[in-house]
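In what follows, structures are represented as structure tokens.
There are two complexes below, and they share chain A, which is joined by chain B in the first and by chain C in the second.
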Partner chain A sequence: MADLLGANGTREKFRVVGKPNIPGLTSYALATGVAKFGADYIAPDMLFAKILRSPYAHARVLNVDFSEALKIPGVVDVIFWTDPIFKGIAPNPIGGAAGDYLRNEAHHEGAEVAAVVVAESEGLCDEALNALKVDWEQLPFIVDIEKGSDPALPAIRGPEYDESGTYGPPMTTADGIAWMATHYPDDPRKQGNVGWSTKTEGDMEAGWKAADFTLEYDVNLHDVVSLLPNPQASVAWWTENAYKSGETLRIEGAVGRRGAVATMYGLPNDNVIQEGVFQGGKYCDWGLRMAQEITPLLSKKLGRPVRCCNTREENFDMCVNERRAHVKLGVTNEGLITAVDDSSLIDHGAPNSSEMTVYDRDWNGYYTLKCENITQLYTVVDSNRGFMHTCGQFVPYSWDMITVGLYLIAEKFGKDPTEIARLNLHGPDSQRDLNLVPSFEKCLEEGKKEMNWNWHAAGTKRLPDGRLHGASFRYQMCPRHAFLSYFTKLEYRGGVVHFPTQGPVAGWFGTECFTMIAAEELGLNFEDIVVDYDYRAEHTDEAGGSDGVTGHGWIVKECANLLKKRILEAVIADTLVTTSRFGPMEFPKAPSPFAGYSAEDLDLMNGCVIVKAKPEISVPLAQACTATVTADYGGNSPKSAWATQFGRKLDTMNTSWCEVAVDIETGEVEILKYLVVADVGKVIRRTSLESQIDQVVFFSQGAQLLEEYILDPATGVKLNANMLDYRRPTTLDVPLVSKDILETRAGDGAYGASGISHNLANSHLIITAIHNATGVWVDPPATPDRMIAALAKGGKL
Partner chain B sequence: MRPFNHINANSLDTASELVKSGGAVAIAGGGDLLPALKDNIFPEYPKIVVNLKSIPGLDYITLDGDTLKIGALATLADIARSPLVQANAPILARAAGSASSPSLRETTTIGGNVCQLPRCWYFRKLNNRFDCSRKGGGQCFAIMGDNRYHSVFGGAGFNTDAGEKRTCIAVNQSELAPVLNVLTAKFVTTGRVIGNLDFFGVGVLTTTVLNRGELLKEIQIPLTDFAKNSRYKRFAFRKSIDFPVINLAIAVNSDRSQYHICLGGVAPTPYIALKAEELLNGKTITPELAEAAGIAAAEGAKPFEANAYKVQLIKTLVKRELLTMT
Partner chain C sequence: MPNQPTRATLQSASEQAAAALAAMPLRPEVVSCPLCSRQFLTYSELSEHYAADHADSVAPAAITLNVNGKTCELIIEPYLTLKQVLQFHLGLIGAKEMCDRGACGSCTVIINGKPALSCNLLAAECEGKSIETVEGIAVNPRWRPLIDQYCKWDAMQCGYCTPGFLVSAKALLDRNPTPTEYEINDALSGNICICGTQPRHSQAILEAVKLMAAEVSENG
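Take a look at the complex of A and B:
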């Protein structure tokens, strides 16, 4: 069991945490349609807005003739990028220097640019947009990053995106580990659209020398979309408020942190009324879209509520950027990796895209190896492929350079890749620790058992129906966000504990997890905690899925313990009061059974205050404590190995396993079984945990079997940015995920819990299984067209 | 969606006149038209949408002697679950039941399915982004662009209203077209009766030979022994929702003297695999013959690099379906 800080890290008996079938607090609303999403919000007398979007991959708007648009009855206004309302706005959600909110240069097809039309209906907005005569200056663009990697090409970004200030030493973690740098001091300076970033650790020369042979391979990761199926929207208006100074902004549907909206508009939090807790599905995409942010500006200008709603097509922003890795490994004849050289060509996306997807090399898995000699050379190319909002897919998504490497070593020696993984994985404490990692060993053992694991060489097993059989394995560390700070407040009043949260309600049902933790610590039942969804609350669920819940859960645990202490102190304080009053009358009060005890002598159990030494002295909480008691707790949860060591220390691990059948004549791939064995340390809410696994595996399956972002090479236009052509898997296309959840308490969140979501996301587990079936590598997604081409190239057809 | 006038037609003649007058389009189930309107793909946005669903009595499925008659407004779901269709033309029921998704099959019609516009992503890109040849523009963008889903049997030449020559390599992806072809269906319109080999075509904003204002009224399927011994196979990347990348219908008469093979998704119009038919006529299927027929079905294909996989699929699908008919 981990040595956990804080209260109850070593708790052994759980009444609420881990209890199955705890219902979702908002499930009824979601299942019945009562839940309101962004697009559902309307307001009386509201106007509608639509933003002009670029039909070109890179273009500048020189002029817009809007005279015809304004002639359309019901069209109210056309507002341009030059309007003062767009000046001096801080970017959301991270903040930064205030600047122009709307610009006249578009850096990808579909980008919002230059003009907003406002009308009495959405249809009239479409009509008005169509009537605009836009004078476009088409500019050079890059959608093929390989072609774009020529430093001699003209720069597609202006001087305002200069990177010269980003050359410097890397940030370091709390453990003193060198973490992320955009460019290191010695990196060559950016030329044209191409920047370089090189990180070398260990002694590469010694690493190559120790190797008996080298192994080179490519791992190509394509970009996939974030795809928010619930259209992003907002409606906003301003009011004078007699109780607050200044105007109050009311914004509905822009689900996200209230603080972000307030910061953007330079308002005190109390001057923002925010409505909406349901945000729908998304994968670690924290960015609000322009449709959610722009309505206050427009409403201020026009004096009426304004609504703006994206179409689904307008929601097709990138979630993961393209990366083409060429990896060279030094390997001994025993299969031990001695040197790693990763040369990656990476898409930088449109300006202001999340760079977390680009430069964060540290979570890519190399540090789980005993090998300490690692060079990573990143060639980063500015492009016009699309915009990447803040997202975190990059972490596990790029872990598969090692999955493939270990598999290839195993293939070379005719060995089981799990053996090669065991050989190369370092011990729990450091890369030089030769001990086995208990959590990994357990996940391996369980996985083999459940898969009936019987390794075979590539292309050697045929199923009775004639298809080829393949299997694959990968491992990862379970993640926990420990770099975010959290805040929780709990209030006891009227016999009930209230838990205020601003939400939002996202896929992982974090509020339920937190409520269970609070109930556990307070000796109450889940139902005894009243969750108050309140936009004014500081607590937010936007904590990063299970990875964040386990960190945030620790804060809730501490807060609940603080509240418990204060409640018990209030109970003791109450024993000193001998009378009660009603108006002018005073009555003698019955003596408290807790008189003579101290708060330390008491405990909360099953909704009652008890004396620890004499549990038969028990009074229902509502009677025992009539005071109102609050507790709040904020800050960071304890350091997590995942977030500070990036794999150099290993605690909770997971393994994923996949079996496929490949029809070699049609190129069809069927996933026969997909198993996740995860040591999550401690299960908080099983339904949340399982749904996290389901969605991350669904993402991974889609990315490897069907999904890709297709751009027209000649124009840079997105060709499949719609629900039909983009092809997310349907439930018929992927199997149910088998899950085996282990609880070693070895994590470093509340009760030794770790998260699960990010590090199960992968790009090559299925691809590796396909290779095991066919002996052929296919770049994801393994659609039949790509499969047939790869099989033909590999001489299999 | 931009504003338009919506008119409920009470007769085909009224609807025909309205559509003929220009600036108007007909809508039945809306499965094809509504997304096109929402995406604003037309060069001229229609001012009037003429609702055909308000015309009574056009959704029938009846048996008239040895002919199965289906009204143009019969939904795919009705066709799929019709005992008459299941008993007399089972592959039509199967094809109708495999199109799109359950909810869309409840609204989309057989008329709409056979008249649907191309699925080419250049043609369909929103806000009429590509003024392509199929809209009367000067260029087929797919020829030099991303053509992974396009024709492997070359493009179709056609003339614009102004008489200018154009080419398009978008494929016909109607779910039912290959089936109706092998069943030698007749298409009854407001003005004429068109045979299966003549109905489908390529033109500006059309996939049929129907003239402006000419509306499909009924589809007639002769109940020959072809209808009884037939197969339908669709190949799509996903198991639901998707249009078929390739679909295939095969029918053979009882003495096996004549085979009908038609493929969708491989050419601008449903593709009759004549070479394969000739090879098979009069023969009983053997594994060798099935394989040879698959190869023959793909003969003449001139794929692009990106859609060469379709040739492999044609060979495999034809072979495999024939092997189920031994």
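Take a look at the complex of A and C:
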């Protein structure tokens, strides 16, 4: 559907959109602690449950003696994997395991396995777990993917575990083989624990021939933990349904996953009640934990509400899994890349881990190059390192190889890396489009100005205090979520516009942006629109942070215009207006001043219906329209460039810049300045955009300087699965982050918005700056001890 | 249904916090055995029941806590943390559990004027002390500018850790009404936010400080 009122890129005046410091719709509830997350719910007569966790990296439970556990007063039940309640449960469609719900084999340390205890308190659950006498069979494990990549090693999991991963094609099921054969016909079949995924495009031979030299380098990307802030928890009970017949489940804590829970339990959506909207941070970790899924089963068996809540250690899942890339580039003497060969070794994690890493190659930075000769071989190793839930945070890390590659070319020629980037970057339409993305130049210009950019070769600049100075740069385009289809409904009733949404509230302020857009189009103030959080509403905010907000924002804009059109038609149809400013109540009515006009003659402005040609004819909306009017709109935003070819068409553009100081005596790295210049198309809600930048810098800083997922190679046990030993930046650690937000109106969201890309997060921008300072590469995280070791190895001490 | 807020204002959030405080039981409505759910009229009867039927278990303790100025008599298992008692016995959910070992600050409360981690304190240890939670701060008009600026500057994303930050900020401003940016970051460095809102807290607090100073000036 076309833009109804031509309000997209051409609108110049904004009353609501872009207005600063509008508090979030639920911010006051969050700040004051009254917002209820899953772990906050308490039901009367509630029981508590805890699931047995494996102390081994890979083990099978042969038998459990539970006699002592059941003797503990207050312990209600111990339920085993053989219990019929675990049979026939459909896997939830977002990361659910196929087959029996609870099994007796654990595939990483801390994995749920074999038994669940239920008691009158959490403390008693812990006592009961301690009292279980478990007969474990320890099994071979892989936590070193290098060693595990030998196809001759015996398989660590049976074929029953090779079902679909969270978000990708299964590699060994019949359907999966067919899918892979269609999309990746050259891939060899899996052997032992190792699968391969290959993709070659262009003419590699020609690419190497066109090169004057080759450049080879390794980029090691370590795994990063998701660390969801709120304990993943649920409380469930079976209840009467006031408006639908049949068995009804009330579950709190699986926020945003009501449909998934309904699927698991074979219930119509309407028979699952979930009032909570506060989801907590997700960071693209979309999977449900067993603690969020199992409570309905237990509640049904025991006839009382049941709560199950993970501890921090039990939530210690991977957000990004390990990848070791060896890259070979063909490069001309001008610095133009002519061929790319990426051989990556990738951790596949425990069964059902997300497989986005395995096949989402088109999203990566190579496709921003003019170079069309690209071959990628992914060697994917099953492991017992941990579980990775559905996660898009891998995507940022697929940019590191090209960030490092462009830097190395610059180093070789002693050129500014921004020039090498300019040379290699293709235009907005395709890899053969030689015209640069316009906002690239703009982002470059602003970035250089703000950074006082003065490129120097590696190891050549010292600060007055004696530390080494380094700087780095990268560009990035966003694989936006505008390819997704969205749905929005708006209702005008009782003189007020309502915006029903199921949420969830997860931190990206999507509903706030949508409400601002709707208010803008309807001539209302932000505060005039009533946002109804209702779990039954079809509209959901889930769409991928601010990227999704822009694609979805277009749909909201169109929907608001439809509603406006219908409201104005209703105004014309009504020959009377009410005299009450409170709207359609029983007050005297007066003849409508709009008689004789058509709907096209009218407009909404500042909460009033007006005659366009005579704005002095103005009636407050609530008085002018007493009808109930609804509008819904679904679909894609126009163009949706990424829907056709991921990575080949570029719109959102940003550049990131980093300056560091390295003390070679202590190995300490200080970020002196971190700048993001982002072309967001059009600012909808400025603080949302700034927050997203803060978040990705926080992610980058943590991944590159602090965070390390440590497993004991001898036992496969996680050694730092807590917040004391797995360090994240604090208020004292975060650097000064400068933000320059540009508005070129070039996006395909509402008003030309394109949002902030989550691809801004980059694990090698700081690492590259460290190289520029010292001339040595350090694998992240660049902790002082690693820095000292790298400097010593590089002969820099 | 639905019972979720359509839009939370400072007023409505304060009212919800006030309702939560009003709903805190002054004493247990029923004395029930945490092990077998049997109910008794008095704590003495429960103690006798433990001696007779659960001799090997740790008997509940009768304690009195002063929470947000309200004195509450409680019968609790002595191993419960203050965080657990606030949630499961008093219905206050503002102190959040994240790390459960004193590393993240999400469960911060103020005890006798100093910030403290309620997940690391046994409730029984807090008898006789003044405990202030985020709900108590939310209902105090003096702190409205602080809450307001937190919301206007998005010093939160998912919002789970935010009450802990706010309590730490209030404790800071109690002892230092005009902190510098560094002093703010230092005071909040024990609070972890996974969403990366760290830079936004000092901004919100500095704005609030200005407003609060102006209010003091206006009120003489």
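We adopt the following convention: the second predicted complex is superposed on the first by the 731 of 797 C-alpha atoms of A that agree within 3 Å, B and C clash if a C-alpha of one lies under 4 Å from a C-alpha of the other, contacts with A are read in each partner's own complex, and residues count from 1 in each chain.
Keep this in mind: contacts are C-beta pairs under 8 Å (C-beta built on N, C-alpha and C of every residue); 3 or more make two chains touch, one makes a residue touch a chain.
All values derive from a computational prediction rather than experimental measurement.
With chain A as the common reference, chain B sits beside chain C without any clash. After overlaying the two complexes on the shared chain, residue contacts for A:Leu706 are found with chain B alone; chain C is out of touch.
Of the two partner chains placed around the shared chain by superposition, neither chain B nor chain C is touched by A:Asp135. Measuring from the middle, so to speak, at the Cα centre of chain A, the directions to chain B and chain C differ by 50 degrees in steps of 10.
In the superposition on chain A, contact of A:Val696 is made with chain C only, not with chain B. The partner that reaches more residues of chain A, of the two candidates chain B and chain C, is C. Judged by the touch definition given at the top, the superposed model places A:Leu719 against chain B, while chain C stays out of reach. Once the two complexes are laid over each other on the shared chain, residue contacts for A:Pro729 go to chain B and to chain C alike. When the two structures are aligned on the shared chain, A:Gly123 is found in touch with chain B and with chain C. By the touch criterion stated above, A:Glu216 is placed in contact with neither chain B nor chain C.
Touch criterion not met for A:Asp150: it reaches neither chain B nor chain C. When the two complexes are overlaid on their common chain A, residue A:Val737 makes contact with chain C while staying clear of chain B.
In this overlay, which is a superposition and not a single complex, chain B and chain C have their closest Cα atoms 5 Å apart. Comparing the two interfaces of chain A, the one with chain B and the one with chain C have residues 121-124, 311, 724, 729-730, 732-733 in common. The touching residues of chain C, when paired with chain A in their complex, are 1-10, 12-14, 16-17, 20, 34-37, 53-54, 57, 77, 79-80, 84, 87-88, 91-101, 103-104, 106, 133-135, 137-138, 147-148, 150-163, 166, 184-186, 188-202. Chain A meets chain B in the complex at residues 55, 121-124, 126-127, 130, 311, 313, 665-667, 706, 710, 712-715, 717, 719-720, 724-725, 727, 729-730, 732-733, 783-785, 787-789, 792, 797. Residue ranges of chain A in contact with chain C, taken from their complex: 21-37, 39-40, 42, 73-74, 120-124, 227-231, 242, 273, 275-283, 311-312, 505-509, 530-536, 687-688, 690-691, 694-699, 722-724, 728-734, 737. Chain contact summary for the complex, chain B toward chain A: residues 1-3, 38-40, 45, 121-122, 125-127, 129-130, 141, 144-146, 148, 235, 237-243, 245, 306-309, 312-313, 316-317.
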